[in-house]
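Sending over a structure as structure tokens; questions will come in a sec.
A, B, C, D, E and F label the chains in the order they appear, each numbered from 1.
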Amino acid sequence: MKAAVVKITGKVFSPEGRDRLPGVVSELKQALDEGYRLAIVVGGGPIARQYQDLGRRLRLNNAVLDILGIEVTRLNAALMASALGWEASLPVPRSFDEIVRWWARGSVVVTGGLQPGQSTNAVAAEIAELVGAEVLVNATNVDGVYDSDPTKNPNARLLKRLTISDLERILAEAPAVPGRYDLMDPVALRIVRRSRLRVAFVNVFRPGSIIAAIRGDTSVGSWLVWE
Amino acid sequence: MKAAVVKITGKVFSPEGRDRLPGVVSELKQALDEGYRLAIVVGGGPIARQYQDLGRRLRLNNAVLDILGIEVTRLNAALMASALGWEASLPVPRSFDEIVRWWARGSVVVTGGLQPGQSTNAVAAEIAELVGAEVLVNATNVDGVYDSDPTKNPNARLLKRLTISDLERILAEAPAVPGRYDLMDPVALRIVRRSRLRVAFVNVFRPGSIIAAIRGDTSVGSWLVWE
Amino acid sequence: MKAAVVKITGKVFSPEGRDRLPGVVSELKQALDEGYRLAIVVGGGPIARQYQDLGRRLRLNNAVLDILGIEVTRLNAALMASALGWEASLPVPRSFDEIVRWWARGSVVVTGGLQPGQSTNAVAAEIAELVGAEVLVNATNVDGVYDSDPTKNPNARLLKRLTISDLERILAEAPAVPGRYDLMDPVALRIVRRSRLRVAFVNVFRPGSIIAAIRGDTSVGSWLVWE
Amino acid sequence: MKAAVVKITGKVFSPEGRDRLPGVVSELKQALDEGYRLAIVVGGGPIARQYQDLGRRLRLNNAVLDILGIEVTRLNAALMASALGWEASLPVPRSFDEIVRWWARGSVVVTGGLQPGQSTNAVAAEIAELVGAEVLVNATNVDGVYDSDPTKNPNARLLKRLTISDLERILAEAPAVPGRYDLMDPVALRIVRRSRLRVAFVNVFRPGSIIAAIRGDTSVGSWLVWE
Amino acid sequence: MKAAVVKITGKVFSPEGRDRLPGVVSELKQALDEGYRLAIVVGGGPIARQYQDLGRRLRLNNAVLDILGIEVTRLNAALMASALGWEASLPVPRSFDEIVRWWARGSVVVTGGLQPGQSTNAVAAEIAELVGAEVLVNATNVDGVYDSDPTKNPNARLLKRLTISDLERILAEAPAVPGRYDLMDPVALRIVRRSRLRVAFVNVFRPGSIIAAIRGDTSVGSWLVWE
Amino acid sequence: MKAAVVKITGKVFSPEGRDRLPGVVSELKQALDEGYRLAIVVGGGPIARQYQDLGRRLRLNNAVLDILGIEVTRLNAALMASALGWEASLPVPRSFDEIVRWWARGSVVVTGGLQPGQSTNAVAAEIAELVGAEVLVNATNVDGVYDSDPTKNPNARLLKRLTISDLERILAEAPAVPGRYDLMDPVALRIVRRSRLRVAFVNVFRPGSIIAAIRGDTSVGSWLVWE
């Protein structure tokens, strides 16, 4: 059975983005109906930042702020898992041990972050490597990976295909751009490289992009390729 | 050592109410410094309703909507526990077993809801009964218990003292008033009655009311009295 | 697949009632063979009261006495789960999280009480709502719901059909009757009402009544109907 | 701080034996007040056998019957822990990992059996070895170890002191005597021997015997001595 | 479905024995393919002794040394479970409760030791009794059970068939022979006897012996027979 | 109370390095006696690599190989925790949740790795940030940080003080050097930078270096300084 790991930005759980949520759920259900095994990792989005702001006012340290953000990713995961029905992991797994246990039992793993200092992208990459996923789908709010920052450079070009060297160069150039963190953090990058994972970057707000990426349709988004 | 259980409305974690949050934390820390053992139960507030609305759009059933609300109470509890520091129960207890375990180990228990169909008031009453609390403080956004609905009746009178019969009558008359659910649900009422718990109803938005109620200062809010 | 939740009185685990136990197990196995998914919630019965008496002699408080009663319901649940075989949840789930996890994995959930101040009826209603059960079967030691107390009034009439208003009225009139607590507590009532659950009240000591109720045969016991 | 492990027969939780229970609790509290660290292991007694009989009627296998007996020891342990108050381990530990965790946190460990095929005596010996207990107190319903079966031989002599060889010989001769199993099983014996544990056998129904044994008063019961 | 429990010596995980490991994994996979349900219990072997030596230098007590050995058995079990793939129990179960839970969910249970003072043979026998295994396979580094110590007596004869009395006599005569502990400890022996388990003793280093024993081929190793 | 986090290389648990182990334990106990709160994170060392080699022969993927390595770090942590006595976290925490729980309860946290794709250095940095440690001590088998690879360049100079920029440059230049991974991985580096942690790099094989670093004695090893 083919397995796919889908990382979904927390923005689809926020008031502005949530009109897209039912569509995302439908695409994931469609993939399950087509026989794919799925692990879904969701981000925190604006609600996470709201709680972190509150934490900052209470003078909590960076690790605790990360933990609060992680708790919001788990809240979002609980909503997603509930929407997917009884095949999904509920209550949401809170450790790598629990993720392993749910996958071993044949469930759809739905989870959020796990530890301070590490993004949900890293969690998604770890799971993709563990289960031997056909594809790691990174669904953000942009159409894929650009050769320069599209919010600054109107001529930025979307890369339909990119190599790991391309990706490393782009990430290295963009550390100061907020939101790029979302694309892939160093842990995720190292895992992708060492196990040569196939990665697709798609826009969660374009209907059909998630199911397309799961099916391996390389006409959507940006794809990391290996020679 | 004297023990107190404090139920705090989720409104203090919402954007509108949160300016009060640092003050609430200070009062709780003050109580700890004065030697009280505390269990703190927090509600979900507007964020809970936000997630429940989202769940409704995804056609989730009532039990699942309750669970989503409970997950938000736990998120709020994580923030509160983090603010109180290492004496508090982190990660937030998710079952009665875990609440018992944390209390047995001498920690400040900070928790949210536990089960569908049951309010955080019920959880607070259960803990108060279990640990033999001196007082169960119910901190909402009104000044206490009124003889009629204060939002409708400008002549509604605040009851400084009330008996269990008064309380039962008022709750029986008010089932249709949203927000009254917050005051005390049937499970909480039964526990309060059978173990003759001392209960104080105070306004969390009045600085000083929480620490006053913990100290047993009956000049603030409404107090349930037993002959 | 059709799901049913069955609440069984603890009396079938006591010395006086236990001759009926093998028959109850057979009916439940029969339902499983016919393809129903089941959750089974068992009460404490006389052994629970025996331990609570012992606790009272040791001057334990009401919450602790409830916890002791709950531990007996779990003991009864362990026996029931063992009798049903490897499809059933063992060890017995001790929290709502664990109940959710077992159901998600396709097992027969067998559980007892969960928290002080709450009956096993409430637990059964919560599960029925969560899993969208076709029917909530309440198997006690009387034939169903009567229009007045059958132990006092020889002319009490068994209600084959009753509305939620009938039920609320009967429960409101009967608070002082020991054993009525067993019928349905306020939490259970609220859940039944808000989600319009279909409920059957049957006599566990009448062979065939449990399997009949699971199958939806309304000729046995009393049935709560919704227009 | 001196540590002691006390194994208490389940008979003190049964209807016939329970008048002694408050006294046992008092002696254990007294020991705690005197500064001893305690681990308490309780047996199942008649209620365990009652559930095992029920299990036999349902044709459950020996391992399951053992598990049912173990669940009753845990029920008894829950009662004992509740009576000892918040210093004791609640909920009752269900694995060796949990026992270790409670002891590490400074609590009074109160537990029952752990696994099929193994007595509560073995659990007590394992804990005594682990924590380096000064004494392992085995509190049964006889006055100590006799040179022959006192229920058959009116001239059976109580051994105030015995060596490990004496004990092994007596246990080897008595396999067919029901109740002797209670004294010490092969696992317990091996642990006692390899770590040269100091063991006292006392009669739980003689007031004062438990506290005396904990204090090391060798005038009560039988004591295993090492040269 | 037929169930088998296989106890495998830790020697196949040590540098000297590990060339055999892939073959062992293949035979177990073959058995799964043929439709057997399996529980696999692995020993600690030389690495366990290495850690125990280290513990002795740090003056740790016997219970702690046993625990260190158990942690190594779990490490070996993690490797074995990983090799068997997603049908196996990962993370490795650490208590009898967890073993029960994994088996109930249909997984291949792979585990190590559980408690100080008890061998992995005892764990294997407990599981075999619980699940009603057709056969308990004890795979060590000798060809079976001999009528005297084969390392001392060149004329020692392999017993193709033996009764429980034969086994008890041989074990009783051999307490001082290191390695014999591996054959069967007193807990295992008691369980085997009381539930009349069918036991095969085979040499893990003879290719084909494990799958043969699982299939019930009595031409390999020694078999415990019951009249 | 001052807190310190100490990361110790797994080499001190291997046959070649273990003569140093009792000394390391003594220094840590000394620090506890002096009133420091400690969290200790241990690596896997040669035993980890031994199991990973075995896993490679069984064709296990990178994530599983990492998990096997992590299980060895936990084994080493179990040994270390046992040596430190009852103040230390046993059983070894397996998730960030458990680490938080142990610290909250006042124990010495002793742990290993947590997740594939992440080093034990990252775990140590996360804990240091969370608990607000005075110092993060990284105890490897070299004397500190050099300006170039000391194994290749005989003129490599030990840096007694270095800035975060120095460290980043050195780590960036050394990706291909096995063993440097041990110094600090990208997750650790990011945490150290964002929370401006004070870090000491010392040689675990130089007696006295660990206690010195905990005390803040900057004459040993290399220290990361912040203006």
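Here is the rule we use: a contact is a pair of C-beta atoms (placed from the backbone, for glycine too) under 8 Å apart; a residue touches a chain by one contact, two chains touch by 3 or more.
Note that the structure is predicted; figures quoted are calculated from it, not measured.
In terms of their C-alpha centroids, the spacing between chain C and chain F amounts to 54 Å. Remark: chain B and chain C have CA centroids separated by 30 Å (rounded to whole angstrom). Multi-chain contact residues of chain B (touching two or more other chains) are listed as 64, 67, 91, 94, 97, 100, 105.
Judged by the touch criterion defined above, the protein chains form a pattern that is neither an open path, a ring nor a star, and not fully connected either. The chain pairs satisfying the stated touch condition come to A-B, A-C, A-E, A-F, B-C, B-D, B-F, C-D, C-E, D-E, D-F, E-F. Chain contact summary for the complex, chain A toward chain C: residues 86-91, 105, 107.
Interface of chain E with chain C (complex): residues 97, 100-101, 103-105.
The residues of chain E lying in touch with chain F in their complex are 13, 15, 18, 21-22, 25, 47, 50-51, 54-55, 57-58, 60, 64, 67-68, 71-72, 74-75, 78-79, 82-83, 91, 94. Residues 61-64, 67, 94-97, 114-118, 122, 125-126, 129-130, 132, 186-187, 190-191, 194-195 of chain C are the ones that touch chain B when the two sit in their complex.
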